[in-house]
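For clarity, chains are labelled A, B, C, D and E in written order, and residue numbers in each chain start from 1.
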Amino acid sequence: MLPHADDAITRDGKALILAYDHGLEHGPVDFEPNPDTADPEAVWDLATHDAVSAFAVQKGIAEAYYPSYSDDVSLLAKLNGTSNMWMGEPDSAVNWSAEYAADLGADAIGFTLYGGSNYEVEMAEEFREAQETAREHDMGVVMWSYPRGQGMKNDTAADTIAYAARQGLELGADIAKVKYPGSGEAMAQACEMAAPTKVVMSGGSKTDDAAFLSTVESAISNGAAGLAVGRNVFQRENPIEILDALEAVIYDGKTAKEAIELTGDAALADD
Amino acid sequence: MLPHADDAITRDGKALILAYDHGLEHGPVDFEPNPDTADPEAVWDLATHDAVSAFAVQKGIAEAYYPSYSDDVSLLAKLNGTSNMWMGEPDSAVNWSAEYAADLGADAIGFTLYGGSNYEVEMAEEFREAQETAREHDMGVVMWSYPRGQGMKNDTAADTIAYAARQGLELGADIAKVKYPGSGEAMAQACEMAAPTKVVMSGGSKTDDAAFLSTVESAISNGAAGLAVGRNVFQRENPIEILDALEAVIYDGKTAKEAIELTGDAALADD
Amino acid sequence: MLPHADDAITRDGKALILAYDHGLEHGPVDFEPNPDTADPEAVWDLATHDAVSAFAVQKGIAEAYYPSYSDDVSLLAKLNGTSNMWMGEPDSAVNWSAEYAADLGADAIGFTLYGGSNYEVEMAEEFREAQETAREHDMGVVMWSYPRGQGMKNDTAADTIAYAARQGLELGADIAKVKYPGSGEAMAQACEMAAPTKVVMSGGSKTDDAAFLSTVESAISNGAAGLAVGRNVFQRENPIEILDALEAVIYDGKTAKEAIELTGDAALADD
Amino acid sequence: MLPHADDAITRDGKALILAYDHGLEHGPVDFEPNPDTADPEAVWDLATHDAVSAFAVQKGIAEAYYPSYSDDVSLLAKLNGTSNMWMGEPDSAVNWSAEYAADLGADAIGFTLYGGSNYEVEMAEEFREAQETAREHDMGVVMWSYPRGQGMKNDTAADTIAYAARQGLELGADIAKVKYPGSGEAMAQACEMAAPTKVVMSGGSKTDDAAFLSTVESAISNGAAGLAVGRNVFQRENPIEILDALEAVIYDGKTAKEAIELTGDAALADD
Amino acid sequence: MLPHADDAITRDGKALILAYDHGLEHGPVDFEPNPDTADPEAVWDLATHDAVSAFAVQKGIAEAYYPSYSDDVSLLAKLNGTSNMWMGEPDSAVNWSAEYAADLGADAIGFTLYGGSNYEVEMAEEFREAQETAREHDMGVVMWSYPRGQGMKNDTAADTIAYAARQGLELGADIAKVKYPGSGEAMAQACEMAAPTKVVMSGGSKTDDAAFLSTVESAISNGAAGLAVGRNVFQRENPIEILDALEAVIYDGKTAKEAIELTGDAALADD
């Protein structure tokens, strides 16, 4: 964790990371609710929204589009990832070297660690190499810290998420992305364990607007620096409005209710 | 996926990749229908046909013949491959480094990924290294994206092929070679998922002319950029004519029927 | 083992290593007795105590705080470590390269070896690389020499600890950190086996003051160069006082009883 | 396969490779028929025979003797090999780097590939590295192409040998060494599959002179470029005479019978 | 095997290697017969005896003491080794890089190969790298050639030891250290198989003086170049006298009986 290393992917110390690696991790099924989003251009356009402090994609999608969006989007190079056809213990291929990400102009790298998996040690060592290379190139480091596999019974238990956040700090992440541990109190514990490492909550599968914004509000008010979100934005019919609302909650300290009112979108309120 | 990286192995954005690595992948049995094709020279000669935008071979066959054909053939260096004596989970040895392919003058690299295999993670990481080296040397990147192994029940299901095409995009291929998913609609879905990455249909085992051309027509009219073909050309008695016909379908937008008529070959029509 | 290589992390040839990698190795549970210690800053402040000859932390915690403490704290870069979510044979990921530790200004590296684990050979080879890199950068080398795993029945048996200490010497550690083998005689044996390699006793889980100091006294009087301690300092309500007392025992040759009297802390005596 | 890369180890395009790595592969037992041959010098002397176009040895035997024979012997550095104490799936340790072979002055490298073994993929990748390094140093490349292991039922079946020969071509060998597939016709098929890659027949265990020469004649007349032989030369009492006879068959196109007559050795005829 | 590469660790072509890596390989138990020998200094002093042509130690013991003994002792850097807590198939961690050994001023490297172990291939490849690096730095190469593991029924059978000695030659060792195969005849066979590679007999566990010297005499008179010995020297009460006697047997061609008489040590004769 290096102070200010994440400046290029945060805004006033807060973060809204738009993630779009679902085509690799989950496959085409994630584009079904909103078929246009299979086209990366549609989501790159969303990423230009002021609320988005960084856009997380795999290498191929960065190669193809980032040169056209480099003035408007901060690139978070998601270095590892694996299809869900993979049937072994949780693991993630390193699909992108940190050097090449730097060459492409990435502002930060993203890396998944499956704590508790039978590949935890190997993934931690791959993270080491990526993290240290990121430092050479002044890129920030975001860890997707997701305990999973083998004997992991409850991967969103408060203790597990707190441990995951702490792994982010100890191993050298500037930002740790963790699942929402079910309560504001548990999120506060995770943030406390991460200490100077910022914690962002993972958006998860799509929920209704009010519930989603309310969870984000809870996370923010309990110390989270923001949100990393994919489906809860691009699977909606109103992605711009939800980004407006998230901007209000994350950067302006509004409540979910205020944000819905401010964005003046009946659809959001009634969804 | 890098725009224009595949220019040297496409023609007006379309591709007909002649593949000739069957001696390694399947063994001598593939030359039995047309014994002369065991001699690489015979197939290199076919590769000079105007319809062929790239010729995919393993290292040894490139070393021996490419210097004599470099003016007339675009070389697609198929970097990995394994004999069918291999009895483990689907895997493919990296037989050729991307650096050496560049030294030999290759225009692009080809690489197989078996999504869903117990070797998927390892192969994806080998692909990473090859892909990034290809970028250093301005070579295009073609992925043979073939889900296979373990629990993969149907490797030509529409969802599987769409996922395979998307893997090509996400991991950084300029062209994804996938099996024909059984219908034009399914091929359209795959092309949509690949977005800017071009999709070429794999020729597969030999079928009759009309059926084969009709499948190619279906693929092209549903968004495929072309075809990667081996046995359906070199196992025929009339390889030149089928290349003529494929040229008409792929580059000139002719129907299968028109192509057969245009090439004026009774043999093709009646095969 | 290189004479004087540990000068920067010892004081008159004695050592009190304050270790603070529990957030990775054990998780948040270790901060529960004293919740403020989840904040690394609180423990970095403890590390400025004169008694502390080196502070052992993982990479992320060094990156974030060491620049502010480099005048007052000697940095012992704990290179490997793993969460206790890991369920395989004892192993430890190399989370930090020795080069990067040197770049950050570390005075020494720390490395765990699980002798007897199914990963012993692999860990020893990782240690080799770290140790030799440490030599290039004039950093000292501390081995956490912890036989563990498979058929290891008693990991604090006198013979086991003596063997562990010897491994430290043979493989090139300047200091070997071992568990207390249950008696002063056994500790003497371990020190004899380590010969010029210094032996420090591992603090272990928290015990009461008198018992703890008495064990330290026994270790010191039987040849140990000092102590590596975490929980027995930072989980206490009186960490400063226990550091004062440890200073008396380790550097001044006081008995546990004298140390308690000297530090004039009733709480210590009565704990 | 690179035209002319094997010039230094062939004579008029033909090859007689004397192999002497039996001390590693089979152990001392292979020297029992002719105990003097345990002394490498005795076999180096045989290698100076005009019939021998290359001498294949492991590193230690090259280091010790090649400097004294470099004017008279072409060195074929057999890079991998394993003792028969090894009880795992067929595998072969890389005992010699291609760089070091080049430093010693080797004219070519030799490398075993066990197609079908559970180590096929790993061995093919080790071959890649050796082959490409050989190209950097203008050394020829000979593959000992030996399908073996797991489900391989008949490792001298015609189809298997033809496949083995083809692997040599596809992977970049200039010469493929294969077992005799039992008939001239089958050997012709293997040579056809290897196309420009030369095929040499493996000598195998010792047989009587007439039978041995007759098999060699059959191989040569069916397209083989020559022979790689060890025991059938050095286990004989008359190694010079058999080399004379082999020279007649391989380079001068004599029949086995003519060769026996030409060499005028009653022992050969009556053996 | 490179002629003269072992000059620095032999004397007139003969060798008495004093080995002292027992603290790693066997643990403290080996020092019990003579507790002072746990202190490396005591054994370094023995290594200055004129009879000792090389002293074999692990890295840590070389780092700590060699600078003080470099004028009087030839350093044989034992690169690999493992504790006997290891319970897997025989394997040995590479604890010391050959480069670092060269930097420390080593005259030669020592390396264990467990032929027949499930790690044989891996160890042979590690040996390759060490051996070739030794050549770059003009260091000699000694192989501890110890068939062991899996199906190895008798690791001192004559055939096994002969094979082990041959492995030393083939793989590039200047000296092969093997166990005594039970008879002078068997030792002669091993020496014949090693050809120019020198064979030294391994001292093994401590036996009485006359028996021990008699075995050494048998080895020497059957072609061995000498002895590698540890416990049979340092576990004795009279290590100087036994070294005197060994000097007579190894370098001066005395019989065991003559040596005992020459050294004039009643203790030796009556032991």
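Note that in this section a contact is a pair of C-beta atoms (placed from the backbone, for glycine too) under 8 Å apart; a residue touches a chain by one contact, two chains touch by 3 or more.
Note that the structure is a prediction, hence the values are computed from the model and not measured.
Counting steps between touching chains, the shortest path from chain B to chain D takes 1.
Chains that touch both chain B and chain C are the following: A. Chain A and chain B carry the same sequence, and matching their CA atoms takes a turn of 70 degrees, rounded to a multiple of 5. Here the CA centre of chain A is 36 Å from the CA centre of chain C. Chain centres here are Cα means. That of chain A falls 58 Å from that of chain E. Those residues of chain D in touch with two or more other chains do not exist in this structure.
In this entry the chains close into one ring whose order, counted from chain B toward chain D, is B, D, E, C, A.
Across the complex, chain D is touched by residues 1-3, 115-116, 118, 120-122, 124-125, 127-129, 131-132, 135, 147, 150-152, 159-160, 162-163, 166-173, 189, 192-193, 195-197 of chain E. Across the interface of their complex, chain A is touched by residues 21, 23-24, 27-29, 31, 35, 38-41, 58-61, 63-64, 81-83, 85-88, 91-97, 100 of chain C.
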